[in-house]
Every structure is written in structure tokens, then in C-alpha cells.
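So the structure is just underneath, and the comments pick up after that.
We just call them A, B, C and D in the order they show up, numbering each chain from 1.
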Amino acid sequence: MSSAPETTRTHYAHPFDDDKLREECGVFGVFGVADAANFVALGLHALQHRGQEAGGIVTHNTTTGFHSARRFGYVRDNFTSAKLMETLPGELAIGHVRYSTAGSKGRTEIRDVQPFFGEFSMGGAAIAHNGNITNAEALRRELIERGSIFQSSSDSECIIHLMARSLQRDIPERMKDALRRVEGAFSVVAMTRTKLIGVRDPLGVRPLVLGRIGDGWVLSSETCALDIIGAEFVREVEPGEMVVVTPETGLRSHRPFEAKSSRFCIFEHVYFSRPDSILGGRSVYETRRQIGVELAREAPVDADLVCPVPDSGTPAAIGFSQESGIPYAMGIIRNQYMGRTFIEPTEQIRNMGVRLKLNVNRALIKGKRVILVDDSVVRGTTSRKIKDMILDAGAKEVHFRIASPPTAWPCFYGVDTPKREKLLAATMSESEMREHLAVDSLRFISLDGLYRAVGEAGGRKPECPQYCDACFSGEYPVEPADMVERGFKLKTAAE
Amino acid sequence: MSSAPETTRTHYAHPFDDDKLREECGVFGVFGVADAANFVALGLHALQHRGQEAGGIVTHNTTTGFHSARRFGYVRDNFTSAKLMETLPGELAIGHVRYSTAGSKGRTEIRDVQPFFGEFSMGGAAIAHNGNITNAEALRRELIERGSIFQSSSDSECIIHLMARSLQRDIPERMKDALRRVEGAFSVVAMTRTKLIGVRDPLGVRPLVLGRIGDGWVLSSETCALDIIGAEFVREVEPGEMVVVTPETGLRSHRPFEAKSSRFCIFEHVYFSRPDSILGGRSVYETRRQIGVELAREAPVDADLVCPVPDSGTPAAIGFSQESGIPYAMGIIRNQYMGRTFIEPTEQIRNMGVRLKLNVNRALIKGKRVILVDDSVVRGTTSRKIKDMILDAGAKEVHFRIASPPTAWPCFYGVDTPKREKLLAATMSESEMREHLAVDSLRFISLDGLYRAVGEAGGRKPECPQYCDACFSGEYPVEPADMVERGFKLKTAAE
Amino acid sequence: MSSAPETTRTHYAHPFDDDKLREECGVFGVFGVADAANFVALGLHALQHRGQEAGGIVTHNTTTGFHSARRFGYVRDNFTSAKLMETLPGELAIGHVRYSTAGSKGRTEIRDVQPFFGEFSMGGAAIAHNGNITNAEALRRELIERGSIFQSSSDSECIIHLMARSLQRDIPERMKDALRRVEGAFSVVAMTRTKLIGVRDPLGVRPLVLGRIGDGWVLSSETCALDIIGAEFVREVEPGEMVVVTPETGLRSHRPFEAKSSRFCIFEHVYFSRPDSILGGRSVYETRRQIGVELAREAPVDADLVCPVPDSGTPAAIGFSQESGIPYAMGIIRNQYMGRTFIEPTEQIRNMGVRLKLNVNRALIKGKRVILVDDSVVRGTTSRKIKDMILDAGAKEVHFRIASPPTAWPCFYGVDTPKREKLLAATMSESEMREHLAVDSLRFISLDGLYRAVGEAGGRKPECPQYCDACFSGEYPVEPADMVERGFKLKTAAE
Amino acid sequence: MSSAPETTRTHYAHPFDDDKLREECGVFGVFGVADAANFVALGLHALQHRGQEAGGIVTHNTTTGFHSARRFGYVRDNFTSAKLMETLPGELAIGHVRYSTAGSKGRTEIRDVQPFFGEFSMGGAAIAHNGNITNAEALRRELIERGSIFQSSSDSECIIHLMARSLQRDIPERMKDALRRVEGAFSVVAMTRTKLIGVRDPLGVRPLVLGRIGDGWVLSSETCALDIIGAEFVREVEPGEMVVVTPETGLRSHRPFEAKSSRFCIFEHVYFSRPDSILGGRSVYETRRQIGVELAREAPVDADLVCPVPDSGTPAAIGFSQESGIPYAMGIIRNQYMGRTFIEPTEQIRNMGVRLKLNVNRALIKGKRVILVDDSVVRGTTSRKIKDMILDAGAKEVHFRIASPPTAWPCFYGVDTPKREKLLAATMSESEMREHLAVDSLRFISLDGLYRAVGEAGGRKPECPQYCDACFSGEYPVEPADMVERGFKLKTAAE
């Protein structure tokens, strides 16, 4: 059912910049601090890069029960007002920021915004989910057949209905039952009246970390959100682990799934996670700088300046400059007032595209041979425009260096990717892409180079890759069942 | 779970006038006209007196499926914009206006606003409900125990979940299954992809009428909503009847319940229905004028002027004047710009109370003996203030004549009544009330007089009353099971 | 200069009902009570019928100086919030409600909303104006030539600029200087840091009354606004009088203009003023009832029912029924939820016209000979629709009786009238109008009958009429200079 | 007079970051292109860093006259909607973005937002002003005395009133008259029905550049706004020059003021202008990088990393790293979702301060000796918090290097500076500041070093400085008359 939105809502998607992969969600939870919702709001603000469309917070207070608020737009525009935050009392709270749902056709409704809440006979529970359930459509059909009423178009709602039908008498056990039926990638933060719960899928595709603040406990998608509230980083929740926290018993670790070797998303290192987060014990910034170093070794070129495509290409550009000795310079300046809100833009503004956001430092670029370092090439539309801007400004040569391998396959584990046929690298070789972009040279880091940069000195182990790199390799660690049913063609042995 | 509202919302309840009983809902449906939603919007506008807090419309279009919009506030402020109405295409539509839900603790959320929608394995259905389910709490507990996830605090949501769990393979049959489990008062308008459905409970407590517009069919709480769209009144849906309309087969009538003698709500005649509606074949205005005639016969008094308490006392005041020969006059003037919206009023304004809405025609009233005709006395707070205003303006005598018997019992069939102890007539006799209000005389119409005025020449049949008059008599035709479980004391034989 | 509005604004004009003359303004002021702005808000709420588009309040506080707030929309929707009212401290305040300005081409801007404020070398002053300046365009040209910068399109802004250029050293004296240059109709309420000022033009066309509340003083367009705050009515400000109030000296009366015989607007009695106000010592309601009595005498007809066209025809219909003995009945019911707000209505809703607001009581009207009493006929469009509705409902005969003479001339003294050629009575005789409306009979009260009803037992004195009746007679007591310059044709001796 | 705002308005000032000097305005105008307003909107978007509180656009169209729109908030949130832009037709348009006005006490009203418009007897004119009029208060008193009515609290409104009173019969001549009475710094963009006009004060304190787009002409505060619309940079408007553009005559240059040697604001190079703009023929980015180079020469220190304080310290940090050979690193990460909008923040969020915006890259900083490069120190509050964050993250040493001399004097030429006593450098020596900030070392660039970096190889000429550097030197090129009258103490010979 399509609903007219309850309120006029600004369009928060990037209207002029659909040329990036988009992380779909960030999750955060805290238990054991006064006014927990304030901490969740700060945590979600720090995780805003993982999802900008909407956010939600659920809290529990022993006197007044569960409370919730869900809003479209940025955390800072909603969950900072004293008036709203007063409606979210309690020492236990979880929250979620989202970009969009795999299953959604068309626009998001407020009822699609997580955390989802369910009332069971033993009490209520709320869950927030980062990832994507690859068998959600089949589960949904089955649940409807049995009499469940779905309220949202989100794949994550399956989890609540599976829990509602579990025969277990205890909510964490019901959650185990539910998650064992679910396939795909998930990092879940959940809460009951008395417990904070965190779970990662057996492959550990999406991140989830554990922290402490005073006597309280924190769960977060990334460590940068621990920093903002002054929490101490304890460790990552492990792939396949469920942690259950209560103030009395502290943390208990469960292993509800069969053991598998982990396959963390390598693109979290390249682009999704914030540079000030720590992943697998390493600074994300440092990893990205190291990608630049590897890239300078793999694909050197004689030039006058190394310029990042702001902002995501910056650390790799610094690394490239340091390894190559070619001076680093801000050849492209980003307009810091370019937000995501454009209400029915005029035709003229729609056509401005990237120029609204970026401007070339003409006086600097003129007559120079320029190396542009970007994090990835998706459709190639933005790369083309940036190249045009640089040449218009009088550059003598333009060399693209890309801090990830060619993105040739869509992600089905919680990242918003275009259809395969829209991915430039799905239909062109590196040299065809160079020609298409009409640049002097174009080079991507190799898959092995990327593995080296993230710390795997021996590179990728083809028989059993250490990461999920399906977007580059086409090797999906979990079969995307719903998509295959809809006709998606997996990589053949021949490819 | 209490939620912070998705948008800042004006408070639509009467802040200074809680001294009326409030009808809780109006329903409307149409099938077989282009842009059916526009007709539903007009119908709901005509039914706005039955519920002012919120409204919703669901439509179905063979190409694009179901569509819905739900909004707080008046129909005219929401469902009149071309922009919104374009999102509601189709020839089949139902709608609902609501005041508040029996079950709601605290404020209404947008998810509590009807029509409710459910996706079943054989397709979707939407329902809109006027009335109250007296065993809703027990049903809810049972459904949650079996794994249903409730999304609203509304008693009406039970119907959708009961339908989801029915073993029938056809939606009208599932609805019969569901409604047979439900106790209380209900007039339901529902729709599937191909059918418009109307049902009244076996006692027919709430109204529901059938109309035709061109080749299309209409269902409405009252006939005044047929008039606004130019539809022809066909007949009332009968107590215990289910009508199912399709364009191909026309109307089919079902009788899913065991037969009972009907008990239509007599207060619909006194106050709830609009004076231009037709109930039981009679003009509501004419019935109310007749109540004034009966009252003038039962409780005559020598005076100079008969003045209505605007606006609901007007028809009875006209009848009283005509029967008594005492001139009718507008002694109290209503400010037509007094709406229901007050955003955080100042203390001073809060204290103004009824004076914001009503003003005495001082030059007219001064030195006169005044008969004030009002429709009912609930808490008595407004009556007291009006009496003060009239005396301040220099009236010599004030005589209250009330067009209904003393309201001594709460309604559990879809009307918002104060708790029993707040009802003036629950704790005082007529003469105590006169003394409490400090007026020269106070008389209510007798229950028999009211029955005569509505057309029962022989008055009320005590052994088997022709109407539901529980609010006056304390005789509840359906036991209010949830309320009894919560401790409500039924009338004893001794009372 | 046309400005895009600062905020999205609801269209408050009657989209479906432009068939009434519209009063353009109401003014209110109070001095000597704590939180004077609250009293002004209440007063403006009671005067809302005089102007619904926008309202404004200016206050002065000895510590913090002048404060102001101006808003589009109803008083009750804006000036009731504690948050706003806190920004308006002080014991001295004036306010204004407006419908539209004579001079405005196109839409009103917030800067057109009164009171207007000016800073002079001896301190600030604010003024609020009800009426219309008939030489405003000439004054404006002259002031611009001398270097004044106009900020609004309102004719009233001239007064402030004339004051700014006066050579007097005291604000009331400057106001006298300014108003002596101004032609037309004006009732002005103004304030300085220490004085509340009220002025009426020499003819006293628009009303202005004086009241007391405790030790404080009140100025108001009508007495109904004294009632709402519990103020005592003292007397009318006299035509040509300026009253200046300070707490120390009390009230001082000035006579800045040359004496003339007064010409109060007779249409205030017929339609503009509220029925619970007192004009010229008489209840407006009673005057209107008396018009009905006169009308029944002048234009009797045999019929079954006398029905008012709600709401403004009601008092005259009561009088007509009482004089004729034909029963009074509510044959047309008004939808009380019909507001003035329609945001971009759909085509279908636009075409509904009057049916959105009025419904015929079909069961009552069927087969009856009906007298419809209305206050006036302007374009005749609404009258025609109402007649259609009554006939559709099965009435046997329809007789219109109009409580004012034919409206054949536009008003230039503060009332929004269509251009002359749009006035039905400007182009048709009474019998042509009857034919045009296709009713069984149509009669207007005579001009003499109207004068009798307002208390002039001898009727109108043609050589020196007691009232301004230019809209009926075409005799303009002040020449409308700007309009004549623009080409308006005055009545010739032959007409 | 203080006014309640016409609409609820988000607070756009930096709630947690008042530790920067703020440019007060940007101006932009274009003549000779279709839909000129769209170009102005884009230009203002590119100039948004010069003023974030509000923006306005005025256009002129030969058929429909002048049009205007003024809004609080970002250009991208307002002047991008097709609906609004359609209300601004024409080939001639000017616009303005503002931070706040020198004269305003308390909050800005929409009527304070430029461009200002005045209707003169020979037609209308609109002006937009960047700078500050240092004798505005005296002018205002004089104009009020003569009968002008001021509508805003802005000093710029004086110009319109002076023009209204000029005896010249032509608008550009009236503008010359007006600007000759005005003291201080001003870059003005103005328009009549047929002309686009640009003026810079005799000292040329604020920037203003001239560009061409097709056959059309452009005026802009900075060249970066020419780039966004694809206009070609022609030259700077010269100090003391007035340019008047018409499509027929092209550009004509006037010299209305007595010649003086120019004193461009040196802080435009350091902080205000965008790094991709060109000032005085040099890339601003390159100048800032050069400041870093000078600073590394003047104040070297042994360390492990050079980190910018984002974002304004970045170019100087790059230069410092390149000159010193110490690696450049992103030690502090900026949250790109930190906007300026916080609606009534909770206490807890208010206390977060800079942590909402910046996070330390802990894994990178731990155990390192860190050089932090920032553009300036105003109050020192932010520097202190950043130092704390760096030490908390485990840095071994913290060395501050500041890309401007100590800011010891307020600006009176269009920049929002704290009162002198709030400036850290006004009350402390460099070594006291180091102690106050508790860092291992703190060094500012010397005034001569800064002059060298902006291209004055010989440094500053003390007898006749090439720039306005009053904020560093206390030498004000125009006496701030209003401020001196209010008690501001100029630098004495002894200081």
C-alpha cells in the first residue's frame, strides 16, 4: 500500500550525486546511564554518515514503560530539542539511522523507520537492524499466510513477527529462534524492558562494537560514536555472537549460530566507516592512507600535483603524495553549505549537478599535470564531470587513481547499489573506462593491493577470502535468495 | 508504548468545553465513481461533527493498488488539497473521522487513525469502524499470545488480526468470522480490491445508511453526507446485516449474526446526528423540535423569552417557543471564529472558558425572565457558567429546560463520556442539580417524553426498550466486559 | 513591488463565498491593566468578524520599550499561545484585525499588517486604522516626492509619514496634523509610550467605543469586545472626537476637525456588527429583528415556513415570523466545520460551492412554500444556488425577503465591495432580479423601512440623511477622490 | 521596537562555536540573462560562507515590475524551489546573504534582511550592502529628525533614506549623493529598473568583482561565485569606483569619491574568502599555503605530525608540512553532518560543545608530538577544547601554530567580532596565552610574515600600510565614529 506522507517532507536523498554506494544503516544502544536517549542521539549523530534519511529512538523507563520517536531527517535537526528528548525518559535506549530499505518500492513512510517495536505476551521488545535479510520476501509470504499483519515495507519487520510466533518464553531466546530463520547480513541492537542485546550474523558482515560508559554499556556500529559520548571501546561483538547486558548480571555472551569463518565487509575500510573509527584494531584513516601508498606503488605516474576528490579521497591522496613525493594540494574545493535538502529544485539548478558542491581551484590547477584520487567509481557520472571541471580550469593532464578495485557487482548485504547494468565496471574493462572518462590515465588498486592495505600482508586468499568483497569479485558469501528468485544472475564459473 | 508525535500537532480537543458527550467516529465509503476519494472527503466533511481529531482515507485502483492518507485535524484542512487527493486514485474508497479511542491512554498517534489496513494471503483489506468493542482487551491479550503484533492502541485493530487468523479463504467470510468474536457496538465500512462492505452489529446501536450515486454505491454514517455529494438515500443498513457491493453483482445482503431486536442509540436523535439527517424515517431537526414541544408540555413556566444554548439547543428551543407561545430569541450569541485550536493558551485565556465562545445579548436579556433550552447536562460546568453570564447581564429569572433525561451512566458503545462519578446526574437528584446550578427552575424531559418525541407514541417499553438508552437508564444491552473486569459497577436491581 | 510571502500561507479568503460585503478592519486598545496584550487578543477575537486575514498587536513596557507581533490567520490561532504572548509585555497595547486594503493589488504581505509603527524624534508611536482614506494615492505621491520611503501597500501608512513630517513637537498634535490632511472614513486607535489615543473622522462613519476595565481604559470597534474582557461600556467616541488617555490625567477629549453632522454607516446595523453589540444605544440583534418586522409589513406573502439563510439572516427571519405569524424553521443547516482554509482545492471541491457550507433540511422543506430571509444580495450568485438547493429538496414555492435595500453602489469607506458592474442591483431592477434568480417572489426592504427599523421613526431625511447609505443610494458623503481620478463615475443628477 | 518573529525560526547562529570572526555579508548581482534570479541564487549559495543567517533576492521584469523574496536560513533551503523562483522573474536581479547587523540589538527580523527597496518619484531601486557604516547612528538620528520612518534596525537602511532625500533627478546620482555622506566600509550592489550598479568605498575594504556571462554582466563579492555560474572573471571593481551597467551602453565607470590609497581587509586572505577565490590576482588557497610556509620558517618545532584544525587551518597546515618536512595528517576529523541548526538543545547537548563537530583520530595521535595549525585565535575557548581532546587521545606534545597575528582589536568594517575585552590577545601576551591554553608551544605568524605571504615581499609599510589590519594593529583607517561616541577607546600613541 502506498501512503501519502503524514507531513510534507524534504527530499533527503542526494539529488545530484547518486554516484556513491550508500551504507544503509547505523545502530546504537546504551544501558545504565541517566537519560540514555541523549547518549543515543549523540551516538546516532556520529553515525549519521551511515544513513541520512531518517532516525528513531526507543527508550524504556521502569515507571512509564516504553517510549519512542521516529523522524525523517538528520539527527541534529530532530533529536536535539529538549522538548522531544523529554518524551524519551529512561536508562535504556536504542536507536537507528537509515538510508533506505532494500525491499521498499518508492518512498519511505514513517512506519518504515526503525527501531521496530513488538508487544509479546511476556512484554515488549524493540529492535534496530543494520544489514539486509536476503530471504525476507519468502519469510514475509510465509508469515502473512499464517496470519501476521505487516505494517511496514521493511525486511527487518520479519524479525519481530518471527519472534512473536516463537514458542520460547523468553525474549532473547525468541530472538535466537527468529535470527536462525533469517539469512543475510545483520548487526542487530535490541532491547526488552530489562536487557540490552547485540547480535552479529555468523559472517560478521556489518560492524558492531561494544563499549562502556561509567557503569553502563554501549553498543554501536562504529567506534567514532563511542568517542562522542566519551565511552571506552571494549571490543567488537564477534561474528555469530549475541551479547545480552543487564545491570545486575553484566554482559553474557551467547553463540546461537553454527560457527563459520568471518567475512567482514572490506568496503567499510574503503568508504563506509568514518576515518576516525577503528576497525579490526586499525585506524580507518591509516588504512585509507595505506591504500594510497599501495596505489602509488602499483600505479605510479609523473605529475605536478596529487589532489583528492573531496572528501572521501583525501586520506588515500595524502598516502599517494607521501609515497610518490608529488605535492599534495586541494585542487577541488567543496562547498560546505551543500546539504542534502532541495525542495523541488528548478530545472536550472538540477542541471548544475556537481558544480553546486565542488569548485576547482583554478589558479592552482592551470597548466598542471594533476593526479585525482577518488575512493571508487560507481556509475562514473561524477568522475566524468570532475574531469571536465579540471580540464576547463586549464589542467594539462588528468590522471585518475581509484582507492578500490572496479565495482562490478551489486551488494545485497545492506548497501544501496545500482543495478548491475548501471555499474561502469560491470560492462567495461579498465581501459574502456579510461576511454569512456577520457582521461590521460585511470588505474584502480588491485584486489590484492587492497587486502595488503587492510593488513593482510599476503593478499587475498582466493579459496577462502578473509573479507566479503562481493562488490568487486562477484563472490557472494550468502546466496541472495530473494534476488535470485527475482532473476538476478550469479557469477558463472566462466566469468 | 507512548510515542512522541511525528509532527507538531495542534490540540484539537475542546480545551474549554469538555461538558458535552462526544461521538467518536463517522464512516463513509463509495464504489463506482471516478476519483472516489473526493467523494469520501466530502462525505467525511459532512460527518465532521462525529469526530474532529483525525481522519483517514484508503482507496484502491486496479493499476496501482491500495493508497492511503491519514491526518490529524479537520477534513477541510487536509483532504481538500489537489496535491494530496492526487495520491488517492481509484473508484473505490472508504474513510473515517475519529474523536478518540476508548482504549487509548493518553494521546492519539497517527498509527491509531483509521481506516486500518491488513495484507492477507488473498489480498489486502481496509476497515473503518464506528462504535466500540466491549471485549477488545480480552481479544487483544489472546491475539498477542498467539503471535499477533499490534501497531495501534485502538480496539478496532482486533478486527484485522482476527481476520488475518481466520481459516476462511475469502475476505468477506473472514470478516464475518472476526465480527462474530467481537462484542459491543459497531458500524463497519470496509473494502477489498473488488468489494465495498458495510456491517452493523445485531443491535444496530450506531447508524449506517446506504445510498446510490449514478451507478455507484455509497455507505455513510448519516444521510447528511449523502446530500453533500448529491447521492440518493436508499435505506438504512439493517441491524445485524452485512452488505457487499461489487459493480458486477450489485448489492448482496448477508445476515452473519443471530437475530436480536434492535436497540438504536436514542442519543443520536438528541445530540449526535446532524439536524439535517434523517434517522428512522424522520428529520432529526423535527424530532428535536418535537422534544421542545414535549418539554413545554411537561415542564411549562411563565417567562418572557425562550433562548437556546447555541447551537445544539436551538431546535428544541424553537419547539418550546411554538408550544408555549413565549417568544423565541437569540439571547446568547456564539462567536463563529471560536475554533478548536489553541496552542498552549496563556493562563488568562484558559480561564476565560465559555466567554471566548459565547456572549450574552445584554440589551435583550436585561430585566427579562429567560428560559434557556439546552440539549443535555453532563458535568454541569458549562450550564453554571452560562447561568452566571445571563444573570450578570441583568436577567430577572433563569429557567433551564433540558432536551434529554438526566445523563447518569457512561456510554461504552462508541461515545466519549466522563467517568460515572463526574456525571452530575449520577450523584444528584433533579432538585439537587437545580440548587447546585442555582437557577430558578431546572427540568429535564422524561424518558417517556423523549420516546414520544422520537415517534414512540406509547413511550418506552420497560421490559424491552425500543432504543439503547443506557446513558439515562443504566440498562446496558451488551455487557461491557472489559469495563466490568476493570471494576465498573453495573446498576443493581435496587437502583 | 510584489514579494514572495515570507512563509507559506493559507488562503484565508472565502474561496466559495465572495457574495458578501466584507468589513475591512477591527481595532482595539487598552491601557492600565497588567498584560494588556492578552486583553487585546481577546478583544480582537471578539472582533474577528471584522477582518479574518491577519492581525497584529503592539505593546509598550516602560522597561523594554515597544514590542510587536503580526500574523496571518485567526487571532485564536496565533495570539493565544503563551510563548507568543510573553513577547508582548506591558500595560499599554493596541491591536488590529484586517480583511484587505483598498490599495492593495494582489496579495497582502506581512508588512501590510497593522498596527503600523513609526519612530519619531520624540519617541515611537503605533497606529491601527479602520476605514479607508479616499485621497491616499495623492498623499502617497506627494510624500514620496518629498523623500518618504513607503514600506507597505496600505493606505494607512500615509498617516505615519504625515506625522513624521509634522512640525509639531508632540505626538497627539502630529496626529491631528496628519488626520487633517486625510479624507475619508477612519476610526483610529493609536499609542505612544505614555498615551492611548482614539479618533473618529468628522462623519463618524466607522464605529469606535470607549470602555473601562478596573482603573484601565479600553477602545474598541464594538461593544461585544468589551463584554469578552468584562469591561464596562462608557460611551461611543463621538464623530470628529480625539480622546487621549493617560493613567495620570485620565481621558481628555479633543475636537481637531471642523464640525459636521454625522453619517454613521447604516450597513453596520444590517450586517457588519455583531448581533450582541450595541450601536447608537440599541441592540444590533433587536434592530435586525425589527428589520424583519418592517419587511413582513412591507412585503407580506402567504407561506408555510420562514427560514433564515444562515447565519446572518436569522434575526430578521425571527422578526418576520413573529410579525407574520408564519412558523420559523431551520430549513437550511450550516456545517459548523466549514472554515475559511482551503489549500489548493481540487476542481471537484471548488465546484461544490455553497453545498460545502449549507445543506437543506430536506424532510422539512419538501412540499412547503418557503420564505427565505437573507441580509443582502450582492452579486446574487449565492442566492441563486440556495434557491436551487431549496427547489431540489422539493419546496413548492420560494420567496426571498432581503433585510436591506438593493446594493447598487460600491463602498469606499473601508468595506470590500465588488466593482459596480458586478453588483446585481446596479444593472437590474427588483423585478429583473426576481426573474434572474427565478424565484416566486423577491422583495427588499425599502430605504425608509430600514431607517425606521434603526430607530428613525420618520424614515430617511433626503436632504440630509442621518446615515451613510451610499451603497444603496449612491450619495457619497465624502468624494472618493482617488477613485474619481481613476475613472469612477459618480451618480448623476439624472439617476 | 522588538518584534515577535513572523514564523518560528530555527536558530542559525553557531550555538557551540562562537570562537571565530564572522564575515557579515555577501552580495551578488546579474543583468542580461534570462531568469536572472536563478543565477543570483547560485551565486549566493557560493557566497554562503559570508553569511548564513538569511538571504534575499530582488528582481525586475519590464512587464511586471519589481519582485522580491527574503528568507531566513540557507540559500539552498530556500532559493532552490521552483515554486519560489517562479515568483522572481526578470533579467536583472541582485541578492544578499547576511550574518548579522552591527546595529541590531537582539534578534534579526525579516524586515532587516536585504536587499532593501525604496520607491522614489523616478522609480524604485534596491540595494544590497556588504560592510558597515561607521556613522550610521548619527545619520539615522538626523534622518528621523527630518521625518524619515525607519523600518529596520540595519545601518544599511540609511542609504535608501539618504537617496530618497537627494535633490538629484537620477538614481545613480542620488546614490552618489548618499554614499558621500556615509563613512566606513561598503561594497554595494544595487539595481534600478534599467541598471545594475556596483560601488566600493574609497579604501576598498570589502571585495567586489566584475564578471561576464554571455552578453550579461555579473557583480560578486568573490570570484568563486563567478565559477559556479560559469561566468568569466573580468576584474575587481576598484576602490572608490562606481560601475553602472545597462545592456545598451555596457559598463560605465564613475569615481564619485576623493581618491585615497586602498586598504583591503587582510583577513579576507586569512579566513573570510573561500580558498578557491582569487584576490588581488592570487589564489586564496595558495596564499594560505604560503602563510604556512612562512610560519614554518618563523616558528619551527620538532614534531611527528602536522595536523590542521579543520577546515580553515588546512591550507596553512599543508604549507607548514611542505616547508618543515614533517608529515601532514588528518588528526582531527570533522563531522560533516554538524549543521548550524539546533532547536532548543538539551543541556547535555549544549555541553558537548566542539565534540559534536570534531573528533580526534585517536589511533593516529596516540604517543605523537603534534603540531596543530589553526587560522586564528579569537576568544581561545575552542583552542582550549581542541588541545584537551588531543591530549585525551594520548598525544605526547601539542604545539599550536596560528596562521594570523594575535587578534587584539575588534573590526568595525563589517565583521562580527567580540568586544575587545573578550579577545584573548587583547589582554594577554603570546607567552601568557601559551600558558592559558596549557600547550607545549604557541606561535602566531608575525604581521610582516603575513604581509610577505600575501605578496608584499618587503613586509608591512608602517607609515602607510597596504592593507586594513586594524584587528591586529589597532590602526583604524576610518574612525569608527558611532563606536567612539559610545565610548570605545582608540589605541593611544603609548600602546
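Heads up, the rule we're going with is that contacts are C-beta pairs under 8 Å (C-beta built on N, C-alpha and C of every residue); 3 or more make two chains touch, one makes a residue touch a chain.
Please read all numbers here as calculations on a predicted model, not as lab measurements.
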Intersection of the contact lists for chain C and chain D:
none
Specify, for the interface formed by the sequence copies chain A and chain B, whether it is same or different in terms of residue numbers shared by both sides, with half as the dividing line.
same
Look at all chain centres (mean of CA atoms) and spot the one farthest from the centre of chain B.
D
Dist(centroid_CA(chain A), centroid_CA(chain D)) in Å evaluates to 37
Inter-chain centre distance, chain A versus chain C - centres from mean C-alpha coordinates, in Å:
62
At what distance in angstrom does the C-alpha mean of chain B lie from that of chain A?
50
Specify, in ascending order, the residues of chain C that touch 2 or more different other chains.
none
Chain touch graph shape: choose line, ring, star, complete or other and state it.
ring
Please give all chain pairs that are in touch with each other.
A-B, A-D, B-C, C-D
Residue ranges of chain D touching chain A (in the complex, touch as defined):
35, 38, 41-42, 45-46, 48-49, 52, 74-77, 80-83, 85, 224, 227-228, 274-276, 278, 282-283, 285-286, 289, 311, 314-315, 318, 322, 327-330, 333, 335-339, 341-349, 352, 355-356, 359-364
In the complex with chain A, residue positions of chain B that touch it:
1-4, 6-7, 58, 64-71, 84, 87-88, 110-111, 117-121, 124, 141, 144-145, 147-151, 160-161, 164-165
